[in-house]
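Letters A, B and C name the chains as they come in the text, with residue numbers starting at 1 for each one.
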Amino acid sequence: MVGKEIYDFTCRLFPINRYLMGEGVRKTLLSIKEIIPEMQICEVPSGTKVFDWTVPLEWKVREAYIENERKERIIDFKKNNLHVVAYSNAIDEWMPLKKLKEYIHTDKEHADSVPYVTSYYNDHIGMCMSERQLNALPEGNYHLYIDSEKVKGSLTYGEIIFKGDTDDELLFHSVICHPSLANDELSGVTLAAFLAREIREMRGHRYTYRFVFVPETIGAITYLAKNLFYLKEHVKAGYILSCEGDNRAYSYLATIKGNSLADRMAIKVLSELHSDYTKYSFLDRGSDERQYNSVGIDIPVCLVCRSKAGEFPEYHTSNDNLDFVCPEGFQGSFEVFMSIIKLFEKNRSYRTKVLCEPQLGRRGLYSNVSFSGSKTPYKVIVDFLAYANGDNDLIAISDILDVPWERLNEIAEILLEQNLIEEM
Amino acid sequence: MVGKEIYDFTCRLFPINRYLMGEGVRKTLLSIKEIIPEMQICEVPSGTKVFDWTVPLEWKVREAYIENERKERIIDFKKNNLHVVAYSNAIDEWMPLKKLKEYIHTDKEHADSVPYVTSYYNDHIGMCMSERQLNALPEGNYHLYIDSEKVKGSLTYGEIIFKGDTDDELLFHSVICHPSLANDELSGVTLAAFLAREIREMRGHRYTYRFVFVPETIGAITYLAKNLFYLKEHVKAGYILSCEGDNRAYSYLATIKGNSLADRMAIKVLSELHSDYTKYSFLDRGSDERQYNSVGIDIPVCLVCRSKAGEFPEYHTSNDNLDFVCPEGFQGSFEVFMSIIKLFEKNRSYRTKVLCEPQLGRRGLYSNVSFSGSKTPYKVIVDFLAYANGDNDLIAISDILDVPWERLNEIAEILLEQNLIEEM
Amino acid sequence: MVGKEIYDFTCRLFPINRYLMGEGVRKTLLSIKEIIPEMQICEVPSGTKVFDWTVPLEWKVREAYIENERKERIIDFKKNNLHVVAYSNAIDEWMPLKKLKEYIHTDKEHADSVPYVTSYYNDHIGMCMSERQLNALPEGNYHLYIDSEKVKGSLTYGEIIFKGDTDDELLFHSVICHPSLANDELSGVTLAAFLAREIREMRGHRYTYRFVFVPETIGAITYLAKNLFYLKEHVKAGYILSCEGDNRAYSYLATIKGNSLADRMAIKVLSELHSDYTKYSFLDRGSDERQYNSVGIDIPVCLVCRSKAGEFPEYHTSNDNLDFVCPEGFQGSFEVFMSIIKLFEKNRSYRTKVLCEPQLGRRGLYSNVSFSGSKTPYKVIVDFLAYANGDNDLIAISDILDVPWERLNEIAEILLEQNLIEEM
């Protein structure tokens, strides 16, 4: 089961100290490159202007802990990399509990877990711990120690392109900037790697597939700034991959227009495979679909995932760990996306070539003794021919007839062979 | 009551042995010609290519029965022409009951009636009887005797055209290939004859009316193959006439697009006369609307009938007989179609010619002493003028105002006379 | 409170004997001119052709009463100007009760009140009284005395135009032909005067504001006949002001198209301020929106009022008096229309100028330490930027985001200043 392979790969990448830019990202990409050697790894220097933004400095952290007067480490970043605020400045200072608290972030709603906090673009010193642990700390002096620095470096991203028969593209985008958080976002990265492996092993495909691995927001903006014109011309549909590993729900978040090919494929596949999936509006967005759908970019990218980011209690806490994701969760996501890929490959518009209904009987496509009720099994062929008007694609006809699109694709193949329809 | 005349004519045509092609069809058409001498009868030879099809052979049947060892005829086609499968090959053979059953068609859902079975395009030998009769047959030898042959001949169809002031056409299509089945389809044929008689007696009409009498499917395809370009250009709306004689329901089946003039007229008339009518989707189609609405033909033809084919238990069994249809049933259908014809003649778009509301008072169209509530009877005139913008036709304004279209037509005539509106 | 000022002004104008044309209209307009000296008063002579109509004669009434045999005046127009039918011919005749009744109009549904009756375009002699009073009259002779005459004169209307930075106009239309009826229609006239005063005191405005005071129907037609081409080109939206002084409800009556700028502004403002307002279709219209929305005029004018004309029991009776309107009622209408004016001034379409989301953090528009839940207060800025695509105006974005338009306007001002969006 590929779901197990993805889970195991997730376990391997989980402990890496990934932050927006730096060695954690590079290690993660090199691990993916072991699976997909075709991956290109690109570096964009700190200080590069990308649209309204500037690529920031890299952040290095060597040590980060709080110890008490007895030199016992209360929390240590080496035990859980969520304990330090990402991009925190350095500090080395003893202070009373009251002052220490000014540096501590907790999540009161989830008092037992360590929250995930970042401060990429603002100078800040901070550590994170559980609300419960903080409340239990006795009065006294504490040593807050963060040995970190921000240095000129580069933003690192990965890109895999499998050329197809045409330049039209399906894009999969995943994000590689979160430390040890399993579902949001690592699960999307590891799923993407195995989807890429599956496409590499396909014998041939009409469309080109692009996999992008970037740090969230600044990475997406950098990638778009470098590739905008090509992507606008060629990407026909795209998906953000994140939160793909839990086994609770299926979710879809629409593009800003809501009726793009990306949306129509997602809705068709989910409604056929998991009709109880949850629909979210673009107003509920949170990840890099924000950049793709923005004014002037206008690339239709939506979200298909298990539990949506922000909609599960483990989100952005230390509880989003390897216990929350599972092989079955990954397997479900993998199958949904492979169905979307299959639909992307197979979906097209056909037009019936003969005038009036063709004589299906002499082609073995119709029961030859006709009486009441006998037409049912052939009805779908006749209906397909009626609605194959050159405008309706397989998704549209599937919606009209309420017949699964794969069944219609089988029929289309028979009718093409019989020269009764033509591809537009 | 014309319904009684139609019923009597139906009784006269009911016993004729009509099959896809041959003498039964010709006898039927000659009977109609007695009512409408203008009818043209056309013959298209067996073997003629019509789109994807070929006109088949004629079928003649002289005898068809099963007798038992005591020479008693168990069933005989002369008693009920449904007993023989239409286009069955010949046979003359004694056989045991078990083997006989391989040749027998029954309808288990309607165990007391003889089903209607055809095998036009496939070699087949078969007879039909009721499930109950078959089950009661004792063991023994039976003589299966069918004296039939398929011969070169021709497909016969009838056509009546009443030229109007314009070449725009309303088409009525009925089918003449079923043996003794009263509602599906003979009722449509006999209704068409009397609608044609009514139009012939009109003093003048703006539109041209076309009545087509053909065997189902192959006849429609043949007719379209011979007349496609003219029909595509001139037919503005059309109706399939069948199942017009029972008195249970009113039904409408949409064209493939669902919003053509044919649909809009049918919906308007039925919702005004029989607002409890049943709407069917084009997906529920079954008769020659399949051909007219097919890709590349695109002639908007829909169905207005009483109980729809396939939706009443008597359908395609020996129970669809002269007891199932009645004068009242025919009368209802006749009135609906005459309303559609009237609407077709009267419906058009008008545009108000004066700027602002005209002064209706000085034209006697408005109560001259105005106080609260007094405007009601004139409200519809004012509303008509407001919505007569040159785009809205009578049907559209009737929908907006929720006022019967005939009332609006009366108003339009007054306003035309007053020079307050102009026809588009 | 301006509502109190409007109410007081209403009390002052209430007793004036206003009829379609004549001194009552002129007195009313001169009173308004005291508030808005810029008002132009125009006279259009009797006999002038205006579209399908002709400006009628003026009507003068000096005395109108009924007295009994003891010379007691049963009703007297000097006590209530509704007692005489507007434009009634003169009479001076003693008659028995039975004959008298032929001249009397009552309102049986509201048996205690005097109905409002007019007969502008038809010769008629009539008086009005309550049903209850009529029924109580004893047998005997009565003196019906109306000293009135129709004379050549002119139709009088008022017009106020406040030029803005552009020639695009918002129009407010009120009607000045009803005698002592407070809500329908005087309340619209007095509200208009105070809205005009408010606009005069604005420091500057982008749009031009036009206030029109005319007798209903013939006045609107006259005004349109004289100004059609200019109005068609420049009026972007308009409102009929009437029934603005009661305190029971808020109502909106759509333009004929239902989705014009006038409609969209009315719906946006009412749904934000008084979400329980009642919507009426254009089919329920009754005032001069009839003329503006007519075919070929096509100026989008709708109705925003308190209780709609015809929908309250006091309508067109002597109960529509100064007890029915109140300062609070006027205050509510004033605030709604000032909101519409503000929305008209502020509403426009913007387009986001940067590609991808801008970096809000460095502009102080984003929380710089980001963790779960922290984005909420800035979400609306990000959403605004996503939907500011150059087509959506503030109303459209407000509908999509379900955020009050004024909040979006504040955001637009910030984003304009930051050079992140541009006005279309």
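Convention: contacts are C-beta pairs under 8 Å (C-beta built on N, C-alpha and C of every residue); 3 or more make two chains touch, one makes a residue touch a chain.
Every value quoted in this text rests on a predicted model; they were computed, and no experiment measured them.
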Checklist entry - In graph terms, nodes being chains and edges touches, is this line, ring, star, complete or other? => result complete
Item to check | Copies chain A and chain C touch via same or different residues, half shared test | outcome: different
Checklist outcome for this item: Two copies, chain A and chain B, superposed on Cα atoms differ by a rotation in degrees, nearest 5, of 120
Next on the checklist: Taking the mean of the CA coordinates per chain, how far is chain A from chain C in Å?
Outcome noted: 56
Item to check | Interface residues, chain B side, partner chain C - complex | outcome: 351-352, 354-359, 361-362, 368-372, 382-383, 385-390, 400-401
Checklist entry - chain B touches which residues of chain C in the complex? => result 51-53, 85, 105, 107, 115-122, 124, 126, 217, 220-221, 224-225, 228, 256, 282-283, 290-291, 293-297, 310, 315-317
